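Taking it in order: structure first as structure tokens, then the write-up.
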Amino acid sequence: MPFVRLTREPLVLADLVARVRTKECGGYVTFSGDVRDHASGKRVLALSYEAYEPLAEKELRRLASDAELGFSAICAVEHRLGPIPIGETAVAIAVGCAHRSEAFEACRWLIDTLKATVPIWKRETYEDGTVWIEGDQSIKTDDAA
Amino acid sequence: MPFVRLTREPLVLADLVARVRTKECGGYVTFSGDVRDHASGKRVLALSYEAYEPLAEKELRRLASDAELGFSAICAVEHRLGPIPIGETAVAIAVGCAHRSEAFEACRWLIDTLKATVPIWKRETYEDGTVWIEGDQSIKTDDAA
Amino acid sequence: MKIRALFFAHLRDVAGAGEREFELREGATILEFAEYLAGADIRFHGMLRYARLAVNGEWSTTETVLHEGDEVGFLPPSSGG
Amino acid sequence: MKIRALFFAHLRDVAGAGEREFELREGATILEFAEYLAGADIRFHGMLRYARLAVNGEWSTTETVLHEGDEVGFLPPSSGG
């Protein structure tokens, strides 16, 4: 059973690794995605995420379960929601496997699939306004909340 | 400049990630290789690593510098030497990149190349004796040290 | 029947709120619901091709028949991670 | 001239010690050194094909000419990580 969580608290990578650590695993791969101070050439002043939480959590759990089965892995995934200060972590994934090859593949697959499918959206505020990111698009918003 | 270290102390993944964390990076990938309680179907009672230390450190630094240049990454690599208790970490790598694709590739390349080229050797003790691992081979030894 | 609709990301701006209640005829599908929304505001036009759909917290399709009290989510392309 | 040789992993068992001193003729190459070792102990035979070589902490080849005080490392295939 994978560990998945949506949270408004800071993510702690070491805690996530501890959740997948078992005697059977020899290789652990983690990914963390941090909030950067620039995006599309603009300075990012603030950033926040919202989710359709019940479905996002269900979907995360499905992905992580698929990864565990498909790659013989143990997986833990957390995504932070709400405002996130620049330089802090928005998403963290930890994968443990018997062998490193599967661990790399499972972790890569998880972050790629999470980004494509889990109903979570990023709002970025630049000096000249705020946008919703939706897939590849940026859409202006007046909602400064 | 990458951070590389050979040490006889326990490795702390979070410390290594802190060393590559910068505002320019959006994606961080880590690998940790832990000492397992079995190998080639046998129960491992004890495990230790030795290195030709001056060359191993030089070689690690070379690899990490190559990875930084080749993948536009920031890299940190640590390898523990001496006896390592089962379940503890033997090698840890942290990579930060602007984008996740390079971070995964750099981390994968680093651990694969480290294993193939850095002059470090593993000695495993099973119930029926102790071997040196050299490449794909296991070679019996009477040296119980 | 009463349907609760959830709008996310920029669709919330379009809808004027993240959550709104609508009165639909019994047995309406999501397709009919979306057509009704597009009639009410041109900016909802094409939303079914753009957004993914959920009913009561599970992925859904345009053909899904709605029931009293259902929660319908309109979910733009994701940008998590 | 005096040469210090370092033996790692199972080669240390073969050499009887991780570090040994040898007296070689001035200008000897690593190839000649290895032939000398193979003559002294059959288990050193083939070592140049098996081990990688280092002189004074840097990768080296069989043709490298040795000098007084050099440190020669015989390094079996790695198994770190």
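Order as written gives the chain letters A, B, C and D; numbering starts at 1 within each chain.
Throughout what follows, contacts are C-beta pairs under 8 Å (C-beta built on N, C-alpha and C of every residue); 3 or more make two chains touch, one makes a residue touch a chain.
Keep in mind that this is a model prediction, so the values were computed, not measured.
**Q** Go through the assembly and pull out the chains touching chain B as well as chain D.
**A** Both-contact set = empty.
**Q** Moving only from a chain to one it touches, give the least number of moves from chain A to chain C.
**A** Minimum step count, chain A to chain C: 1.
**Q** Per the centroid of Cα atoms for each chain, what is the distance between chain A and chain B, given in Å?
**A** 26
**Q** Report the inter-chain centroid distance for chain B and chain C in whole angstrom, where each centroid is the mean of the CA atoms.
**A** 51
**Q** Taking the mean of the CA coordinates per chain, how far is chain C from chain D in Å?
**A** 75
**Q** Pull out every residue in chain B that's touching 2 or more other chains.
**A** Those would be 33, 111.
**Q** Touching at least two other chains at once: which residues of chain D meet that condition?
**A** Counting only residues that touch two or more other chains, chain D contributes none.
**Q** Which pairs of chains touch each other in this structure?
**A** Touching chain pairs, listed by label, come out as A-B, A-C, B-D.
**Q** Show me the residue ranges of chain C that touch chain A in the complex, using the header's touch definition.
**A** Contacts found on chain C: 6, 8-10, 12-13, 52, 54, 57-59, 73, 75-81.
**Q** Which of the residues in chain A end up touching chain B in this complex?
**A** 13-14, 17, 21, 23-34, 36-37, 86-87, 100, 103-104, 107-108, 111
**Q** Going by the contact rule at the top, pick out the chain B residues touching chain D in the complex.
**A** 33, 49-52, 54-56, 58, 79, 90-91, 111, 114-123, 132-137, 139, 141-143
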